[in-house]
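Below, chain A partners chain B and then partners chain C, in two separate complexes.
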Partner chain A sequence: MIAVAVLAAAAIALPLVVANRFAIDIAIRVLLFAFIGVAWNLMGGYAKQLSLGHAAYFGLGAYTSTILLIRFDVSPWLGMLAGGVVAMLASLPIGALCFRLRGPYFAIATIATAQVMMLLFLKFRDFAWGAEGTTIPNLGDDPLMMQFDGKAAYYYIALALLAVGLFITHRIERSWMGYYLVAVGEDEDAAEAIGVNALRIKRQIYMISAFLTALAGTFYVQYIYFIDPNTAFSFNISVEAALVSIVGGIGTLWGPVLGTVLLETLSAFLQSWLGSGLGGVQLTVYSLILMAVILWRPAGLIGFVSDAWKRLAPAPAAPVEARDG
Partner chain B sequence: MLVTLAQAVINGLLIGGIYALVSIGVTLIFGVVKIVNFAQGEFVMIGMYLSFFLATRLGVDPLASLLLTMPALFVIGMLVQHFLIRRVLALGDMPQIFLTFALSLLLMNVVLLLFSANYRTVQTHYTEAALHLGSLYVSVAKLIAFAVAMALSAVLWVFLRATDLGKAMRAAAQNRDVAMLMGINPDRVFAVAVGVALALAGAAGSLLMPFYPAYPLVGQVFVLMAFVAVVLGTLGNVTGALIASLMMGVAESLGIQFVGADSGLIVVFLMLLATLAFRPNGLFGGWTR
Partner chain C sequence: MAEALVVRNLSKRFGGLRAVQDLSFAVAEGETVALIGPNGAGKTTSFHLITGYHRADAGSIIAFGRELAGVRPYDICAHGLARTFQVARPFGKMTVLANVMTGALLRDRRLAAARAKAQEAIDFVGLALKAETPARDLTTIDQRRLELARALATDPQVLLLDEIGAGLTDEEAAELVRTIRELRRQRVAIVWIEHIVHVLVQVVERLVAMDSGRVIAEGDPEAVMRNAAVIDAYLGTAV
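Up next is the complex of A and B:
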């Protein structure tokens, strides 16, 4: 609890202390991808429904708010919620199809749905600008339209999104739903046998996860002032959502945050060291880290942090919990 | 109209033969080892780069280089099974999916670092050659690729039925525990299965090289097709994967011809989604009998 308060205070203070735009930009990316990871983790981590197609919802959120903004002058704040609802609704038919498959083939079917979405938005030019995409009109400093001078405001929005995601995860973790999710994730048939409606619980968590991912999509296009199908439905979004969770610790509250902090900081250092010209370095390093984690620490790196925390602040009465590994 | 249709079907069948080599590999590994190899497409890519360098540095014809790429990828497959896949077999879905997924990302990006994103092509004397049947046009390079792909599939079919090792593989696919009780060594059978699957991917790479450019992400084109074909053809069913691959080649080609140049993939993905909706277990029964 104290640790969380300290962390939150540090996160809130950061833009006041750090003035470097580049550093704040990295911090915004960290918060945003941590949030996407948290959204993915609800479904992929707790219920072990390993989606590789969350870009579908990221893109739907991005396009919904942008279309509402440009065509109907609707504020992206409303557009963000609308995008969340659209993503939630889209997750129902997509889930109905994909949940027929389990494990790796669920993952493949989700890749296909995100790809179909991208191809559709590439194809329908008059509906959503096609492959060229569009820039988001710059209205100057207009908080009601989610546009700000300077980066601090964006930073706090991303921080708020992450806080919401973590709070929801925390509540679900400690509810019946959390236990059902873990039961389905451990063994779907056994969960069904003891009376868990696996399909319903998967559908519900998919809706929540899709909703949150769509919020990130709206925020992202508002932040970079540009949208096209290749950005909005980028496979890299789907991959990174899963990757940060797995590296950090799948099915844990703080795992995606830890994973994002590690991977994004590393990638920022690699980029400033090697320059952005050398394509492939970032993903080469990511994939090596992912392999190493899977082979030696499949529970994720969060274990190291909680071990260290226990050593620093030993709980006097509670018995020491046995950890894996 | 009829000529256009026939032409589209021919083009689809020819490329479908290549899809078949990739998807047979995926379904073989899935059937025997119970792992989906997300990196299968990257081994096609490696086969292509091997053929490319053999052709440009040593002057080996891409089709002849098949005799080198297949054994090379067979050995790589045994190593991948021994050092990577074997270690996650007892673990859950997450490690099993993301290990080969990480391998796929790694291979793509290492090749990108080493050889850049440039397209590499090999010109052979038959690259532009074509047979004309009436008003139909058949590319010689694609026809050879198709014929070799079908021949290799036939060899695999015989191997799975007529040899002890092949029978052991089918036994392990049907019931791993009983197969082990019958004295089958799973490590050996699994290593051979992955080796054979990767050798087929390598063959696909060599066969593609005379008419298809090599680049770091090229494997993604083929692996997505293979995944759809494997679901369509029923998981683990070799004959099913073969037939589904040919169907998908034709569907893609018809999509390109009649819906629009960028619609081939949409047609294929819609086929996948329709299959999931109506025949989630695929079009064919269990393991090939």
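Up next is the complex of A and C:
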């Protein structure tokens, strides 16, 4: 509890202390991807449904709010919620198709769904500007339209999103749903033998996960003032969502946050250090470090943190597996 | 006595193999019945059919007046039939307590209530000292105890046990017999697949013997064990 309060205080104070725009920009990216990771982790981590198609929901969120904003003058705040609902509804047919498959086959099917979404938005230029995309009209400093002068406001929105994601995860982890999700992730047949409707719980968590991911999509396009299918449905987003969770610690509350902080920092550092040299060297080094981490700590790096934490504080800080609060 | 479970003319084939043929048997409320037979007789397949993991080609399964053919496993469990698996399937990264709580959550979604009931089931099977152990660290025999506790936490009225006693020492088997007797005292109907017949005869009221997917003998344990067809099934026919 104290650790979380200190962490929150530090996160809130950061923009007041750090004036560097570049640093704040990295911080916003960290918060945003941590949030996407948290959303992914609900389904991919706890229920072990390894989706590689979360870009579908990110993109739907981004496009829903942008279409509502440009065509109907609807505030992106409302558009954000609308995007969440659209993503939630889209997850139902997508889930109905993909949940028939298990393990790697499920992952492959989800990749396809995000690609199909991207193709739809590339081809249908009438309602969504096709391949060239569009810029978001700059309305100046207009909080009601989710547009701000400084970067600090964006930082706080991203921080709030992450806080919401973590709070929802925390609540789920400590409820019957957390137990059911982990049970399904561990052994679906055994879970059904004790009365768990595996399909239903997967569908429910997929809806929550899709909803949250869509919020990130709206925020992102509002932040960069631009949208096109390649950005909104980028495969990188799907991969990043899974990767930060896997590196940090799959199926743990703080795993995606830790993973994002490490990976984004590493990538920013490598880019400024090696980026100007030979093209792609920084990506090679990044990939090698990534492989090393995954081979060396398949359960994620959060293990170090919780081990150290246990040594400092005797009360177990473990997730679902141990006990609830 | 009212029937808890009635299986009628149940059949299942896998390609050319007739795994279960025309299987019929009934279990009364609170009765303990053993399903015996050599390997490949169709015992485990019958369990898979009864608990919804396989869909029967023909026949019916009626529990407490409801047809269960085509019903999903979770729903069958909710209807009061719980099973264990031949090879225990614990949720490895959860503790013993969390495993059993997951079962208890079926009847009450509140964690505190589930914990209390789970604790009870864990004590009952003799795992109290290992409640906080991750399930993957248990021995095979403790994993089977866990599986029994997890099934019991769902409040079953019919319990289907698949070789829960395999590989037990005499002492452990005696303990298991006591556990089963206690369940019978609580009026839980039990269908028990097992090979160790000398243990079974201490507790069960009836034996159902299967071979090649069919019932070959049924009734009083002593009589079934003397039945020529049963002896043939296990030992082969004299040449």
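In the analysis below, the second predicted complex is superposed on the first by the 296 of 325 C-alpha atoms of A that agree within 3 Å, B and C clash if a C-alpha of one lies under 4 Å from a C-alpha of the other, contacts with A are read in each partner's own complex, and residues count from 1 in each chain.
Rule of thumb we're sticking to: contacts are C-beta pairs under 8 Å (C-beta built on N, C-alpha and C of every residue); 3 or more make two chains touch, one makes a residue touch a chain.
In this text the structure is predicted, and so the values were computed from the model without any measurement.
Colleague: Name the contact category of A:Ala308: first (chain B only), second (chain C only), both, or neither.
Modeller: It touches nothing on chain B or chain C.
Colleague: Is A:Ala160 touching anything from chain B or chain C once the two structures are fitted on A? First, second, both or neither.
Modeller: neither
Colleague: Which partner chains sit in contact with A:Lys123 here, chain B, chain C, both or neither? Use first/second/both/neither.
Modeller: Only chain B; A:Lys123 stays clear of chain C.
Colleague: Is A:Glu192 touching anything from chain B or chain C once the two structures are fitted on A? First, second, both or neither.
Modeller: second
Colleague: Who does A:Leu295 touch here: chain B (first), chain C (second), both, or neither?
Modeller: first
Colleague: Between chain B and chain C, which makes contact with more of the residues in chain A?
Modeller: In the superposed model, B touches more residues of chain A.
Colleague: Is A:Val182 contacted by the first partner chain B, the second partner chain C, both or neither?
Modeller: second
Colleague: Based on the superposed arrangement, let me know which partner A:Val6 touches: chain B (first), chain C (second), both, or neither?
Modeller: Neither chain B nor chain C is touched by A:Val6.
Colleague: Let me check the overlay on chain A: which residues of chain A are in contact with chain B and also with chain C?
Modeller: Correct list for chain A: none, the interfaces share no residue.
Colleague: Quick one: which bits of chain B touch chain A in the complex? Just the residue numbers, please.
Modeller: Residues 35-36, 38, 84, 87-88, 91-99, 101-103, 105-106, 108-110, 112-113, 117, 216, 224, 227-228, 231, 235, 260, 262-263, 265-266, 269-270, 272-273, 276-277, 280 of chain B touch chain A in their complex.
Colleague: Can you list the chain A residues touching chain B in their complex?
Modeller: 48, 50, 52, 97-98, 100-105, 107-109, 111-113, 115-116, 119-120, 122-123, 239, 242, 246, 250, 278-281, 283-284, 286-288, 290-291, 294-295, 298
Colleague: If we count contacts the way the header does, which residues on chain C are in touch with chain A in the complex?
Modeller: Within the complex, chain C touches chain A at residues 51, 53, 72-75, 77-78, 82-83, 85, 89-95, 97-98, 101-103, 105-106, 109-111, 114, 132, 134, 150-151, 153-154.
Colleague: Which positions of chain A touch chain C when the two form their complex?
Modeller: For this pair, the touching residues of chain A are 174-176, 179-180, 182-183, 186-187, 189-198, 320-324.
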